[in-house]
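One chain, chain A, appears in both complexes that follow, with chain B as partner in the first and chain C in the second.
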Partner chain A sequence: MDFLTLLQVLDTTIRLATPLLLACLAGLFSERAGIFDIGLEGKMLASAFLTAAVAAVTGSVLIGTLAGIGAALMLSGIHGLASITFRGNQLISGVAINFLAAGITVVIAQSWFGQGGRTPQLSGNARFESIDLPFVSEIRDIPVLGPIYAELISGHTLLVYVGLLMVPLTWWVLFRTRFGLRLRAVGENPAAVDTAGISVVGLRFAAVAICGLLTGLAGAYLSTGLQAGFVKDMTAGRGYIALAALIFAKWRPWYALGACLLFGFLQAIALRPDVIEGTLGFEVGVQLLDALPYILTVVILAGFVGRAIPPRAGGEPYVKER
Partner chain B sequence: MQKMPQWADVVLIPLISLLLAALLSALVILAIGENPWSALKLMVDGSMGSTYAWGYTLYYATNFIFTGLAVAIAIHARLFNIGGEGQAMLGGLGVALIALYIPWPHWSIALLGGAVGAALFGAAWALIPAWLQAKRGSHIVITTIMFNFIAAALLNYLLIGALKPSGSMEPATGRFPEATHLPTFQDMFSTAETALFRGAPVNVSFFVALLACVAVWALIWRTRLGYEIRAFGQSESAAKYAGISPTRIIVVTMLISGGLAGMMAINNVMGEAERLVLNAVEGAGFIGIAVALMGRSHPFGVLLAALLFGFLYQGGAELALWTSIPRELIVVIQALVILFTGALDNMVRMPLEAMFLRLRPAPKPARKTEPAE
Partner chain C sequence: MTDHTPAIELKGISKAFGPVQANKDISIRVMPGTIHGIIGENGAGKSTLMSILYGFYKADAGEIFINGRLTQIPDSQAAIRAGIGMVFQHFKLVQNFTVLENVVLGAEEGAMLRPSLAKARRQLKQLAAEYELNIDPDARIEDIGVGMQQRVEILKALYRQADILILDEPTGVLTPAEADHLFRILKGLRDQGKTIILITHKLREIMEITDTVSVMRRGEMTATVQTAETSPPELAELMVGRKVLLQVEKAPATPGKTILEVENLRVIDSKGVERLRGIGIEIRAGEILGLAGVAGNGQSELLEVLGGYRKAKGKVRLNGEEIDLTGSKSDARTRRARGIAHVPEDRHHEGLILDFTAWENVAFGYHDKPEFNKGVFMDNAAIKADAAAKMERFDVRPPNPNLAAKNFSGGNQQKIVVAREIERNPDLLLIGQPTRGVDIGAIEFIHEQIVALRDMGKAVLLVSVELDEILSLSDRIAVMFDGQIMGERLPSETDERELGLLMAGITDTDKPHSEAEIEANLAKKRASAAKEA
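And now, the complex of A and B:
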């Protein structure tokens, strides 16, 4: 594999890792607050659809993204209502949200655009443009560093950089602010938080709302950054891979970045079977690469390579004592 | 003492949840500019108007009975098996291997062999998540989700590789031999002058599904193992104190659950397609979740809910054929049913309980323990 091919694969890795990363951080906020969320997939899908639909109609990707975030927040609201207010089963609620999004996006897309459950192709201002970082043309000619800067670091869309910046931001919010401390506490021991006079319900709803915001961005990136428009089931299991990455990262932001880059890399090389064969000297089944994130997660879950321990109060509705 | 009578818990709550889901679905149909009433009529006609329509409805229902029972029995042990989809895929693999590589003399023996193969493969796919839950505490929901994806990749790999007959371009196995073809309702019930169920895929495995309902009922409420499963589901610590091994219950329950999900393959793979194709399960494993929740994890309830979803599935196909309403509307209805009967159960339950308490001016009853979700 030559240098340029490597850069291309890594470039694809970053682009494919971005939706995983945003969704993974979304799940991180929710699960750290004790709300399991297997509905990441559904929220991404709903946002991907509404972003593309509104962007196609208005011609503005920013208005589209706001609408997409709104869609994801609405599903988050349902999840919060079911799992916080009515103390229902968070896993079942997540399953329901995934199906709701999978069905309703196609039904509405068919009704609005009549193109078999897809939105029109987006172009121009209806998509996120790639951003050239400063001095690209000057640095490009420097050997090694130049191509890395020009090909790999520069030239992505806005949401890629937002996703990368969300990692330190998430770390800072969770581990350096009072809100973050309380949020983590509510996922470990909600009774203690309640005793301290802080609203468990309020904190959990805040976490679920942040989760909605980030999955909204992830979905918007899928339909306007990675691809140009919405197609049926376009999340293709990314919400579950993000969930896997979250477990892989043991619910920590920086490790989440690593896990998402790893899973993004697996997706990227699955697109280039010629590169794999050229590098390893033998053929690796695409199916194996597809399944690898899930297999790795099961191994991690089994605790053979460092045990993954979820937040202690995760999945448990909080019942205030009377 | 209960807050409300048993019939309200078993009949009224699922019914209200269903009505809520139906109401919202009607609003969705209205919103996309179609008439909900004529849509309903079309669905009823298309799924129950003829023996042909019934043939499809019952075919889908057979799938959902198996996957619904699979989820239901796991719920009794308070395990949430989302892996029905993957287990049913592996069941299909089991059926395919048994039908293709063993020469069967007659369909009845082949059905028996196919059922055993499907159940074994489905159970094997549930074994690892079960063992990891029991021994390592890995959350069974997450592992079964992961195993769904691993199953899909595995089948993908086999169907474009080892199992594909040479010279074929399609990712599917070859056709099963004649002796393994199951009799359809058309073969069984048509007379010389009137053809019933013409061309519909419903077949003899519907009766196997009914038998499975009875068997699961007997297992849960009439055997020692069933008692242990329910005791474990109600309280793990109490079950442990009574000498019931949690590891054994988790593993055995998941094996039965996976086996039931796998047995769906005798209907869709052996009975209908008569070969193994890609994505043969078509989401039936997930519908099992809705069916089990709707049926309150009771085999009879599962049967009724499976028939309801069979009606929705076939009716939805008719809708997609004759109107501009896409088939995905069924997925929306399915999601709403899961949402209302599963996650928002308390939203329906709390006001009802308050109402029944007001109707009964008895001394304040003790808090009822939460029923298994």
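And now, the complex of A and C:
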């Protein structure tokens, strides 16, 4: 494998890791606050659809993205209502959201556009354009560093950079701010937060809302950054992979980046069987390559990567007790 | 501060949960700079009253005056603003946070964490110097002992500038030495002008450190008296409503043949920590062996092994015959058939199925007996009749076998479990925390039953964290620490101080020991446990 091919694979890795990363950080906020969210998938899907649909109609990807975030926030609100206000089962609520999103996106897409449950192909301002970072043309010719800067670092869409910036931002919010301290506390022992005179319900809704915002961005990126339009079930299990990455990352932002890049890398090499064959010297079935991220997900969820301790109050509704 | 304005005055507080009247028209005055005890049986409404004061519940009627001013306390935030701090029975701490983070939580200075933490660090140093509340601000809660955790709770309240401190059953989880330290802290706080409300069911604590004591019974305040002018029997009578025997009456034991022999018993738990490190005990017929120790030093594991739901290495003989500790015959059913009855430590999780009826619970573990079955079917009529008879003999109230177990009070639930086990006439009774969360009246009754069983020539292994109970019931006392027996004593030849040292793992009990030494020993043990895990 030559240097340029490697850069191409890594470049694809970053692009494919971005929706995972945004969804993973979304889950991180929610689960750190004690609300398990299996509905990342559904929220991404709803956002992917509405972003593409609104972008197709208005011709503006920004308006589309806002609409997509709105859709994800609405589903977050439902999840919050069910699991925080009414103290329902968080897994069931999440599964319901996934089903709801899988069905309703296709139905509405068919009713609006009549293209078999898709949105029209997006182009121009209806998609996120890739951004060239400054000095690309000047630096490009420098050996090694030049191509890395030009091919790998520069030339992504806005949401890729947003996703990467979210990692230090999430870390900072969680570990350096009052809000983060309270958020982590409410996921570990809501009674401690309650007796300190802070609203458990308020904190958890805030966390769920942040989760909605980030899954909204993840969905928007899928249909307007990574691809050019919405197709049925286009999240393809990314929400679940993000959950696996979250567990792999032990609910820590920087680890989450690493985990998502690993999954992104597996997805990226699955697209280049020729590179695999060139490197390993024999042919690996495309089906096997496609299955790799999912196999890793199963391996992680089965607990083969060591003990991960989830937030202690995760999954349990808070009931005031003496 | 005038001496005549109460720090807290409650007037006509009432609170009902559904049909249950938890507090009935309660009025109380707590003077500033005093330690005011509130004593009462379980379910008397002490905790409800304090939860109303801390804004956890809203009273149906009544008024709260803080320092003479009518104050509304709709939530905990309002209580904190009014200068009230509360140390709950079950600590409200975030386990994987540091001491500092726990203290700061909810009382941060601004949106950024660092300045808040720095300020709290300085304050903690001052508070530590002022009140003997020494603690490492960077230690994680999960790494420190319960005594320390309680200090963190007190520091939390003081950091929020509480003038009034409520402590709910604070000594339940402490060793005698830790309890003494706590009392010194509380006295220090009182001398600095703080007002302290101490909720407890232990008469000894009331007599030891309170200035004034209020007694609650069935949701009502029955009396408020100066501690110096009352006595334990008088308080007990006020609590229960009739005269109570505080001392168990029992004749000297007449031990017969050896019933239970345990040799070199070892247990390693799922995390690889050695919970029992070579336990050896012996119990004879007609004898109660009391096993004292701070919770978590292996007593539970020992009961589980003997009861048949934890595997172990070593030798256990019952009536001279060896018991299977690892194989297919190491289950609870086989143990029961061999004459071992077990009243587990935790009646809610191990002793009863709370949603099932009393009669079903009375049959559990013995449901396969021929008298309860007709062919492949259970003979429910027979079981119910048997349950009704047992409940009658054990004075379970209400005596209704069709009621779900969760609807009985703690004392009556425990009576159901004890009745089930004792009435089977076992050779050996294992009984863990027989009176935890049980009211005085029921304690008296359960103690009588245990002594009666002993007098019938049975062996009893009594595990309890209440030293009073161990001292008054046992014929011999063994003390456990860190999975080992630290020593055996006769109740007539020992006292709380000596047992307390053994409970902290110190065997040369003749020497005087400082608290620092005891704490160091406990810390050493915790560190080694953490390393193993």
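Criterion: the second predicted complex is superposed on the first by the 300 of 322 C-alpha atoms of A that agree within 3 Å, B and C clash if a C-alpha of one lies under 4 Å from a C-alpha of the other, contacts with A are read in each partner's own complex, and residues count from 1 in each chain.
Throughout what follows, a contact is a pair of C-beta atoms (placed from the backbone, for glycine too) under 8 Å apart; a residue touches a chain by one contact, two chains touch by 3 or more.
Being a predicted model, the structure only gives us computed values, none of them experimental.
Student: For A:Val95, is the partner it touches chain B (first), chain C (second), both, or none of the two (neither)?
Tutor: first
Student: A:Pro310 in the overlay: touching chain B, chain C, both, or neither? Say first, second, both or neither.
Tutor: The first partner, chain B, only.
Student: Considering only the touch criterion stated at the top, classify A:Ile198 as touching first (chain B), second (chain C), both, or neither.
Tutor: In the superposed model, A:Ile198 contacts chain C only, not chain B.
Student: Tell me which partner A:Ser83 touches in the superposition: chain B (first), chain C (second), both or neither.
Tutor: first
Student: Just to be sure I read the superposition right, which of the two partners does A:Ala256 touch: chain B = first, chain C = second, or both, or neither?
Tutor: Neither partner.
Student: Touch check for A:Leu45: first (chain B), second (chain C), both, or neither?
Tutor: In the superposition, A:Leu45 contacts neither chain B nor chain C.
Student: If we overlay the two complexes on their shared chain A, which of chain B and chain C does A:Leu73 touch? Say first, second, both or neither.
Tutor: neither
Student: With the two complexes superposed on chain A, say which partner A:Ala270 touches: chain B (first), chain C (second), both, or neither.
Tutor: It touches nothing on chain B or chain C.
Student: According to the contact criterion defined above, which of chain B and chain C contacts more residues of chain A?
Tutor: B
Student: Quick one: in the complex, what on chain C touches chain A?
Tutor: Residues in contact with chain A: 47-48, 51, 54, 56, 75-80, 86, 88-89, 92-97, 101-102, 104-108, 110-114, 116, 156.
Student: Spell out the residues on chain A that touch chain C in their complex, using ranges where they run on.
Tutor: Those residues of chain A that touch chain C are 175-182, 184-185, 188-189, 191-198, 312, 320, 322.
Student: Spell out the part of chain A that touches chain B in their complex, as residue ranges.
Tutor: 38, 78, 81-83, 86-93, 95-100, 102-104, 106-108, 110-111, 114, 117, 232, 237, 240, 243-244, 247, 285, 287-288, 290-291, 294-295, 297-298, 301-303, 310
Student: Residues of chain B touching chain A in their complex?
Tutor: Touching chain A: residues 28, 31-33, 80, 82, 128, 132, 136-139, 141-143, 145-147, 149-150, 153-154, 156-157, 161, 286, 289, 293, 324-326, 328-336, 338-339, 342-347, 350, 373 of chain B.
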